[in-house]
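Here it is: the structure, laid out below.
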Amino acid sequence: MISAVHLSHAFGGHKALQAVSFRVHKGEFAFLTGRSGAGKTTLLRILHGQLPLQAGKARIAGYDLASLRRGRLPLLRRDVAVVFQDFKILPDRTVAENVRLPLEVCGLPDGQIARRVDSVLAVLELERAANLPCAVLSGGEQQRVAIARAMVAGPKVILADEPTGNLDRDMALRLMDVFKQFHAHGVTILMATHNHDIVAATPQARVLNLEAGFLGQAGGACPAGGAA
Amino acid sequence: MISAVHLSHAFGGHKALQAVSFRVHKGEFAFLTGRSGAGKTTLLRILHGQLPLQAGKARIAGYDLASLRRGRLPLLRRDVAVVFQDFKILPDRTVAENVRLPLEVCGLPDGQIARRVDSVLAVLELERAANLPCAVLSGGEQQRVAIARAMVAGPKVILADEPTGNLDRDMALRLMDVFKQFHAHGVTILMATHNHDIVAATPQARVLNLEAGFLGQAGGACPAGGAA
Amino acid sequence: MPRRGRGVILLRRALARAFLQIGGAPGLHLMAALALALACFLAGGLGLFLANLEGNLLEKHGHAQFRIYWKPGADMAEVRRQWETIRAMPGVDELTGLTPEESLESLRSTMDEGYDFPRPAVATTLPPKALASFAVRGTDTSPARELLERLKALPGVERVRIAPAQLDVAQALRSLSAAALGPLAGALALAVALVAYLAARLCLEGRRAEVELMRLVGAKEWFVRLPWVVSAALTSVAGSLMGLAALAALRLVLAGRLYGPPLWIKLAPMPLEETAAIVALAACMSALGGLLAARR
Amino acid sequence: MPRRGRGVILLRRALARAFLQIGGAPGLHLMAALALALACFLAGGLGLFLANLEGNLLEKHGHAQFRIYWKPGADMAEVRRQWETIRAMPGVDELTGLTPEESLESLRSTMDEGYDFPRPAVATTLPPKALASFAVRGTDTSPARELLERLKALPGVERVRIAPAQLDVAQALRSLSAAALGPLAGALALAVALVAYLAARLCLEGRRAEVELMRLVGAKEWFVRLPWVVSAALTSVAGSLMGLAALAALRLVLAGRLYGPPLWIKLAPMPLEETAAIVALAACMSALGGLLAARR
C-alpha cells in the first residue's frame, strides 16, 4: 500500500531524509518513530504529495509519486488522509464545517455529509463542540477535530502525524481504539508518534524507527527495505 | 507568587472553571493536570491577563488581576512568561527573531539581546536552526522555540502550557532539566501537562489536578484554597 | 454516486461558496465594491467630459473660414455663378454669399439697436463677398492652402482671407485633447485595475489557509478557484454598476442645467457600449485578481 | 539600565520597525503608494481643472457690460464729465468712453482689412457712447438693475443697454461649477480615504499575529502601534507626492501648450497650501488607518 525505495530529501544543504526504504502492506498498522527533527513529517509530506520527490521512488494507494500528474493529486488525497501535526484547522469555522470539508470537496450529497459528520463527531466525543468555532476549542479538542477530518471520508490510508500530543493518556488510548477500529476495517495506518505508551498499547503495529534521516529497525517488525 | 480564590470562568453557557482556589508559592514548581477541556489553558490565560477576571480573585507576581489597569498589563507580562500550547511563533521570521522579541519590546540593548538569545538557543539545542524561518521547522523544534522565547527574558514566573506534546521522551526529559534549572534559580513554574512521564520525573513538583473545572488535590501537595 | 451527479453538486457548491464568501465578509466586499464604484465613477466622468469636449470642439472649431472679396461694383450675376463653383470645390462644407446690400445689413445688425448707416453712401463702397467654411481634418493644412490658391485664381476675386487664428485654435484643441486623453485613459485603467486587485487581495488574504487546506483534502483546482473568481466578478460588477449609475444621475442633473438658456451645451450620455466595456473590464480585472490571488 | 535609556532604544526600534515593515513587503507598499498616487493625481487634477475653470470664468464672464448712449451731437465736454461720474459709481470696474470718431474707428477695425467708410457722412450720425463694466457677485442681480436705473437717469443719456445674455451666462456657469464642485470633492475625498484604508488594512492583514504576539510578550501599546502609524504615513506621503509630481508635470506640459497662440489660456499651478493639504490629508488618513488597523 505504501512503499519507498531509497527516498532522500534535502532542504537546502540539510539532509532531512537519507535513502529511506520501507514498505507498509495493505491493512497494516505502522508507527513511525524517531527523535524531533528526524524527518518523520518530511516523509509523510512526500507521501501526500506536499513535497516533490527529490530522489528515490515512492508509491501510495496505487499512485506512483514519481509519475503522478498534477491533476491527479486531488484523487490521491481523497484516498490518503492526513492528520496534520499542526492541525491545520480553520479557526473561524465551526467544528462541523471543518470536519465536513473533505466530503464537500469530493461532491458528496449534503444528506450523506451530515450523517457521516455526526457519526464521526460522536466517535471523537466532539458533539458538544460541533457548532463552536474552532478558535475557542482547547488544544486537545482541536487535535480531535483534525483526526475527525482525516477519518470522515473513509480513506484507504491514514497518515497521522503526532495525533495524540495534546491529549491526556486516557483520551489518547481511547483514540487509539478508534484508529484500531479503522485498521480492523482494512484501512492502512502510518502514524508518526513520540508517545511510548500508545506504541506499547498497540501490539499489532509495526514500528519504523527513523534516526537522523536513516531508517533503523525496531519493534521486532518485518525487515524494511526492498522495492515495492 | 500565584494565588487564586474562587476563580470561575464561563464561555457563554459553558462553565470552563468553577470556583477554583489554589496557591503556588514563590520558587515553587507546580504541574496543572486534567483531561482535555478541563480548563487548564483557560486558567493560564486568566493569570496572564488574556481573559478578563469574571469571578473570584487572582494575584500573580505581585499584580492583583482584579484591579490591574490596562497600561500595567505589559509590565505583568514581562514578569510572567507563557509557553503557548499552540506555540504562537511567527512562521515567516527566523528562530532568532522569534526568540529575541520579548527582549526587544522591553528595550534591552542589542548587544545584550544577542548574547542572551545565543545562550538560550544553545540550551534548547536550536543553534542549527537559529537563522531558519520557523515555518520550516519540525513540530518539536517549533515547540522548543516557544519555550526559548518564554525563558529568554528571565521572567519571575513561567506558565507553560503543554510544553512537551511534540517532543520525544528523551528531549522532553532534557527540557525538564532546563525548567528545573530555572526553578533552582528561583523562578516559579506552573506547567499544564498530560505527560505522566515528566510528572513522575519531577518529584520536587506539586500537582494541581483540574477536573471539569474543579480543582482536586493530587500529588500529596499542600492543600489548595485560602486567600493569597 | 455517478460522476455526472457529483460534478453538478460541486458546481453548485462552488457557486454557493462564492455567495458565502461575500456574505461572510459583507463589509469588506461592500468596501471593495465602493472603491470600484468610485474608480468607475471617476473614470467614466473624465471619459464623459473628454468625449463631450471633443464633440463640442468639433462642432465649433473643426472648420476653417475663408473670406472671399470681389472688386466693389463687380457684376453680381457673374459673382453668383462663381459662388456655385466654390460650393462644388472639395472640402467646402458651406458657402454664404453676401451682396453689398446684404453686407451692409449684417454690419448694421452688429451695430447698436436704433442706429442706421446712411445707406446708399456706404453700400456702393462695399464689395460683394462670400464666406466659405472648410472642414479641417487632422493636422495637415496643405488642403486648406491649396484651396486658398484656387480661390485667389478665380477671375474677379480681389482678395481671399483665411481666418488663420481659427484654423490654429481648432488644431491646437484637437492635438491637446489627443495628448491628454492617452495618459488620462492609461492612469484611469491602472487605477481601476489597482483598486480591483487590492480589493481582491484583501478579500483573499484572510482565506489563504482555507484555500490551501481545500487542496490538502483533495479539492480539484477549479473547485478551489471558481468561488474566488465568481465572488470577485460579482463584487466588481455591482461596484461598477453603482459607480456608473451615480455618474448617469450626475449627468442627468448637469445636462438639465447645461442645456438651457443661456448655455445650450449638449451633454451626451455615455454610449452603451462604453458603459458595458467599463463594467466588463472591471469584472474581468477582478476575476483575474481572484484567479491570481487563489493560485498555489 | 536606566528607564530613560530604554525609552530611547524603544523609540529607535519602533521607527526601525516602520522601515522594516516597508522593506519587508516592498511590493505591497509600492502598490499602496501607487494607489494613493493615482487617487491624489485624479483628485488634484480635477481640483486643478475646476479651479482654473473658475478662474477663467471669473475673468471672462464675471462682469456685466452696460452700453450707454448719448444723443448724437451731444456736447462732448458734458459727456466726458458724466463719464467721470459713472466711473465713481459703486460696482463699476472699468469705463471706456467713445467719441463718435472713436466709435467709427473701432467699427472700421472690425471691418475687413482695406475697406474704409465714407468718414464724415457716417461719423456725424453716430452717438457718443460708453462701455461700463460691472462686477457681478453671487446670483443677486438687483445691484446691476439699480445701476441701470441710475445710468438711465443721467441727463443727456438716450439709451442704456445691459448685455443680459452675458450676465446670465456668468451666473449659470458659476452656479453650475458650485453645484458640481461639492459632490466631486466629496467623492474624491472618499476615494482617497478608501484607498488609503484598503492599503493600510492589506499591509496589516498579514501581520495581525505579530501585533498580537508583541502584546503577549509585554510590549507597551505605543510601541506596538507606532510602527504601523509611521509606515502608513510614510507610504502615503510618498504616494501622494508621486501623484502630485505627476500632476505638476502634466500641468507644465499642458500649460506650455495652452498658453500660446492661439488659445492664450493660463493654467495656474495648484496653490502650495492645497498641495500640502492633500499630502497632509493622505498622511493623516493613512496614519489613522494604521492606528485603527493595529488596534486590539
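Here the chain labels run A, B, C and D in written order, and each chain numbers its own residues starting at 1.
Rule of thumb we're sticking to: a residue touches a chain if its C-beta (ideal position, glycine included) is under 8 Å from a C-beta of that chain, and two chains touch if they have at least 3 such contacts.
Computed from a predicted structure; not experimentally measured.
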item: Joint neighbours of chain C and chain B, given as chain labels; value: A, D
item: Farthest chain relative to chain D (centres taken as mean CA coordinates); value: A
item: Rounded Å distance, chain A centre to chain B centre (Cα mean); value: 30
item: Centre-to-centre distance between chain D and chain C (centres being mean Cα positions), rounded to whole Å; value: 24
item: Centre distance in Å when chain A and chain C are each reduced to the mean of their C-alpha atoms; value: 63
item: Computed distance of Cα centres, chain D from chain A, in Å; value: 68
item: Residue numbers of chain D (touch at least two other chains); value: none
item: Category of the chain touch graph - line, ring, star, complete, other; value: ring
item: Inter-chain touch pairs (all); value: A-B, A-C, B-D, C-D
item: In the complex, chain B residues that touch chain D; value: 48, 50, 71, 74-78, 81-82, 84, 88, 90, 101-102, 104-109, 149, 153
item: Contact set on chain B toward chain A in their complex; value: 11, 33-37, 40-41, 85-86, 136, 138-142, 144, 161-162, 165-172, 194, 196
item: Contacting residues of chain D [partner chain C, same complex]; value: 31-32, 34-35, 38-39, 41-42, 46, 67, 69, 107, 110-118, 121-122, 125-127, 129, 159, 161, 165, 168-169, 172-173, 175-176, 179-180, 183, 187-188, 190-191, 194-195, 197-199, 201-202, 205-206, 250, 253-254, 257-258, 261-263
item: Residues of chain D defined as touching chain B within the complex; value: 1, 5-7, 9-10, 13, 209-210, 212-221, 223
